[in-house]
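The two complexes that follow have chain A in common; it is paired with chain B in the first and with chain C in the second.
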Partner chain A sequence: MSASAERRPCLALVGNPNAGKTTLFNALTGLSQHTGNYPGVTVEWHAGEWRLGDGEALLVDLPGAYSLKPHSEDEAVVRDVLQGKVETCPRPDVVVALLDASNLERSLYLLSQVLELGLPVVVALNMVDVAASKGLSVDAAKLSERLCVPVCPIRANRRQGLAALAQAAQAALGGRPAPRPDLWRQEHTPQGDVVVATRYAWARRVLADVVERPATAVVTASDRIDRVLARRWGLLIFLAVVALVFQGLFSWTQPLSDGISSLVGSLGGWAGGWLPEGALKSLLVDGALAGAGAVLSFTPQIALLFIFIAALEDCGYMARGAYLMDRFFSKLGLSGQSFIPLLSSFACAVPGIMATRTIGNRRERLTVMLVAPLMSCSARLPVYTVMIGAFVPARKVAGLLNLQGLVLLAFYLLGILVAIPVSLLAQRLLLRKAAPTLFVMELPSYKWPDPRTVLIRSWLKAKAFVVTAGTFIFCISILVWGLAYFPHPEAIHQRYSALQAAEPAQAGALAAQEAGEYLRQSFIGRAGKALEPAFTPLGWDWRITMAALASFPAREVVIATLGTIFNVSEEGEGEHLKLSESLRQASWPDGRPLFNLGVAISLMVFFGLCAQCASTLVVLRQESGSWAWPALTFTYMTGLAYACALAAYQGSRALGWA
Partner chain B sequence: MEAKLNQEISLAELKPGIKAGIVCMQCGEEVSQRLQELGFVPGAEIEVLDTGCPLLVRVEDARICLREAHAQGVRVSPALEGLR
Partner chain C sequence: MQTLITIAILGVAALYLGRRLFKRFSAKSSCGGACGCKQDIALRFRQR
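Up next is the complex of A and B:
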């Protein structure tokens, strides 16, 4: 974002949403682009190098806008950058205005505002092929003559016409500002509706015999596809596509995630082999490597999610999804645009919250951010799997449904059901004054997704995920490691060494007991003991309490912590099975079994609703612009988790399950 | 289908497949401004593609969905079809 000493020329790319702006930007800059946020707002910044002749220029991709009179943060950024009011961005020397040939009148509305900026303007005329499919033909030369600015016909997805565009842009650098449109006949500037009408009238004057249109509007291929995809069966088809995407997300990435986990595991084994016993070894193997492994094993799934979303967005289907889902979300005070962020949150709340950037309305966006972490993310799945596997009988219900599967489904529904009152309450109590969502959305023509755009877009997002969430999960893993390792008195080790020497056959079991012993006397173990009374009404003893506390930074940690605290030895396969067995055998000091169905349910309810994810809170801070939102999210989710787990356990007792 | 000629109705009442012309906006300034920027300007040709909420319409060359509440503020006249 910094302007170098000898200033490179800066160009800005402006256009309507869905005009192919991202495709053009990617075609011009490739992977040289950098992303970030504009200062103070949550709008993404995209800029990249554009080769112009022998030199290089900075090309800034501004968010899609219908108008420079801002209705959203996005549009305010477009106006501010073009007027040179954003500190971190140099005022553009030239504006490249992207016009959608299939929707020229509206494109010219925005252009009329761009021409008033007093900057040189080059017009890129895109979507000529889509226009042709609508029966429209556009005379680019005549348009250029009328506007007195160069007009370059391009096909961004085919990378056609880009050389001519670069030439025109280079020529415009240092050239004269574009002539202002001849809009006003009066001296004073009219306001409101009249302005819009005047601009459209100008657009029509300019376009007279520039665009030839058929006498009646053509029914396009895109319209015919919509008769199937956006009508009666459309909702079912959309949900089927979503189900397929999620199926792919979980099944295709599993081998890769497992591969990464085992690679990190063997790296740990290898490092453990030559590192001397002690705190350093434990820090590197159990802290740093385990933390990095956790981040990396989630990455394939999240990267694939980004690819799916980018592909569905690029081909135009995502807008149909929002349209179809709106009838449900409107009842919650939200709109169809909330669907994808919430859906993504079933994989991970971090990309889900990042995806709320597409929601223009602030009230809706903040509400979705608040409930996204309630969706059952993939890190909750291991907890459910272990608990259900150990305590829910594998019985058939009604002849064909598996009881274990039904319970799992119930926990997925739990988050959704809780999200409904939370989002209604948040809007009623906290966001009363914010303007409600204005759901007016364009459905762009369908097109084949451009692989380049899809890959670049998802690559940048996946990178952002690894950097933001990754750094955080990593640091927190090390912190939790410290709390679970120290004070680490030598006496325990000496005692177990003596025992092992006496009974070499029991070495494995003794090593597991030693690890458990160390965890019990660690800081986090002591905290678990201190807090036990608060969690006894939930059916938990201090060990479960401790495992839950250790999982606040990242909930997936719980499985490993339970394994250590219940002395599961690490040898051999089938870790989950062994854990289930140990959990079933665990008991209270008086000999009663510790776990039963009621305790399992209360633990799952707690994990289902609690804000046990530091990365989510950091991303919430980043995306909402203040700490208030993550603080609120943490408080309400933790309170709700405790209350619901309490109710679940006491209810189970009343039903005789505990 | 009995929308009479010269009669001004709201977009929410327009039957699918009937082409009409937009007459004016009778909704709040914010909504009206946004709709106009998307192409809902007086004289523009409009057609309902699918009813229900949200409504799917064609405005000139764009396909746009909007909620019924907002569609009620868009006044259209079937007689203005092909005005331009």
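Up next is the complex of A and C:
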């Protein structure tokens, strides 16, 4: 670490899961934050700049932990950072311990261990309002007196009490370490066993006279809401909420997506008029701008999906989702532990597969890893939205629901429905039986989602998607353009120039034929023609085939690839058309329209089920410890995708949709 | 000239993609080496 970095004080934020740590971290640091992984583990760090008086300090948000005697990788990281054992993270100068005022006994269990580390500690007492709703009254001054550390009551979601917390943290910098309760001596029996009760007894002694409890238990608003949302009709309500999310994805983002497409189209027109005819102009307009336009136009949908997920997580409803799904999962030989990895896979299968580390039962873990890539990740969303937007009519169903939103929901359910038999088959045929696991989880109190937390979290994720996936898509679209443009034989141009000179009235039609001829003679055209017979039963021509095959490293590439291939084949080089328009205008050599509802369904089914993601396969190898699992996943998913796309197209033909 | 510049751009795109795929497949940790997990957290912030 450099000298300048050493001068900046470092503070660590520690607390139980669901104590409001992320909300407080976002309130203190805003957008001046970075994320990354701790070396050698899949635990993510979050750090930001916290303004303390005239200076700035580094604030590291540690993962939520119940104890410093680790039961998980997250808790081991918390212990190691606080002990200064993580080489990439400076040892904290001060620990900011976040206590949940509505659950103080358990919060103090962790605090007792933090105090024993010999670091200055400042306590942030959060959720005082939630405690009050449970009839609890906490005397912060008395608690501070008992612990001999400053205690600042705060409401992180309302940003109340943060100035006092900053003052206390600044005063603690360079101050004396907090007095140690020294419970670790009593905590171990002569046999070396850990006696948890010692710490809870200390917590109760500290809290005597600090917390006033009601004579009878108070039924909180959360309890009343859970009587509806977490009971009999809970699962149905949960599915209705998910359906609403998909309705919103379509209804609210389409104008913005269309606006971005139009803007990129205008930019293409401007650049096309400025550059002379030739390869560079086509590269810029048909390759680079078509690729960038495809990435940017589906960003609103992805950003809105992240906003919905962050809001549902922040208000506490996602935890109910895991609870509700436990009974359903148990029928599949899984448990509610599998819900979070599978839910994460709806954003991206990579963190979803990493999150299976929390599943103790290896049989269950391997099953979840096998089916996680079937969940519709955010990279599938663009192909769904483009196909549905172009080929499914935007009409109302039952006067209320949008048909396009319903079709989108159906494709998200497709992955779940296919995962059920795959999961059962894998457990029956491939994996040995193991004892069922016990699923224990905490249901946090409901609260209004904090807009700042939701927006920061979704902004960082959407930015990472555009920067990381966007550069990848951009490069692939440029390379696909190269394969679709070259060798670009001069003989074709000479032949069509002569024809146009002879028949000036047919100039437009001849220009379109010339563009088509170039594409057929290109590298991608020749390869596509050779492979076309294998994909014709799916309703695809060689252009769709090549777009699908080019998407095997990363499926999100397909929209940019389709944009490049169909834009290159369009009449008039340098003219950028909206992708859905290009697809509607595309035709077979005999003049029949190439795309129809059947082809769109077949393409979406293929993308919904196929293993088109190199990153997922690599992570599967790393997490399972063998190439057998990624090989199996790739084979079964690709085979299944082909078979289901074939069935979907042939079924559509039988119904008269194709 | 246009063709030469175009081929150079294609070459850069191919090299960049090749490098990213190589890093992804040869990485020892799950992050794929792209997250900078070996880099000091404090150095990720702008120095003042």
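Assume the second predicted complex is superposed on the first by the 403 of 658 C-alpha atoms of A that agree within 3 Å, B and C clash if a C-alpha of one lies under 4 Å from a C-alpha of the other, contacts with A are read in each partner's own complex, and residues count from 1 in each chain.
In this section, contacts are C-beta pairs under 8 Å (C-beta built on N, C-alpha and C of every residue); 3 or more make two chains touch, one makes a residue touch a chain.
Note that the structure is a prediction, hence the values are computed from the model and not measured.
K.L.:
A:226 in the overlay: touching chain B, chain C, both, or neither? Say first, second, both or neither.
P.N.:
first
K.L.:
First (chain B), second (chain C), both or neither: which does A:102 touch?
P.N.:
First partner only.
K.L.:
Of chain B and chain C, which one contacts the greater number of residues in chain A?
P.N.:
C
K.L.:
Is A:280 touching anything from chain B or chain C once the two structures are fitted on A? First, second, both or neither.
P.N.:
After superposing on A, A:280 lies in contact with chain C but is clear of chain B.
K.L.:
Figure out whether A:459 sits in contact with chain B (first) or chain C (second), or with both, or with neither.
P.N.:
neither
K.L.:
Given the touch rule stated above, what does A:468 touch, chain B (first), chain C (second), both, or neither?
P.N.:
second
K.L.:
Considering only touches as defined above, state whether A:326 meets chain B (first), chain C (second), both or neither.
P.N.:
first
K.L.:
On the A-aligned overlay, A:217 touches which partner chain: chain B = first, chain C = second, or both, or neither?
P.N.:
Touch partner of A:217: chain B, not chain C.
K.L.:
Where does A:67 make contact in the superposed view: on chain B (first), on chain C (second), on both, or on neither?
P.N.:
First partner only, chain B.
K.L.:
Give the list of chain A residues in touch with chain B in this complex.
P.N.:
Residue list for chain A touching chain B: 66-67, 69, 71, 102-103, 105-106, 109, 134, 136, 192-193, 196-197, 200, 204, 217, 222-223, 226, 230-231, 323, 326-327, 330, 336, 435, 438-445.
K.L.:
What residues on chain B touch chain A, complex-wise?
P.N.:
Where chain B meets chain A, its residues are 19, 25, 29-39, 41-42, 45, 47, 49-50, 52-54, 56, 58, 60-67, 70, 84.
K.L.:
Within the complex, which stretch of chain A touches chain C?
P.N.:
The contact residues of chain A facing chain C are 1-2, 4-6, 8, 10, 32, 34, 36-40, 42, 45, 47, 49, 56, 58, 60, 88-90, 276, 278-281, 283, 350, 354, 468, 471-472, 475-476, 478-479, 482, 553, 614-615, 618-619, 622-623.
K.L.:
Hey, which residues of chain C end up touching chain A in the complex?
P.N.:
2-3, 5-6, 9-10, 13-14, 16-17, 20-21, 24-25, 27, 29-32, 34-45, 47-48
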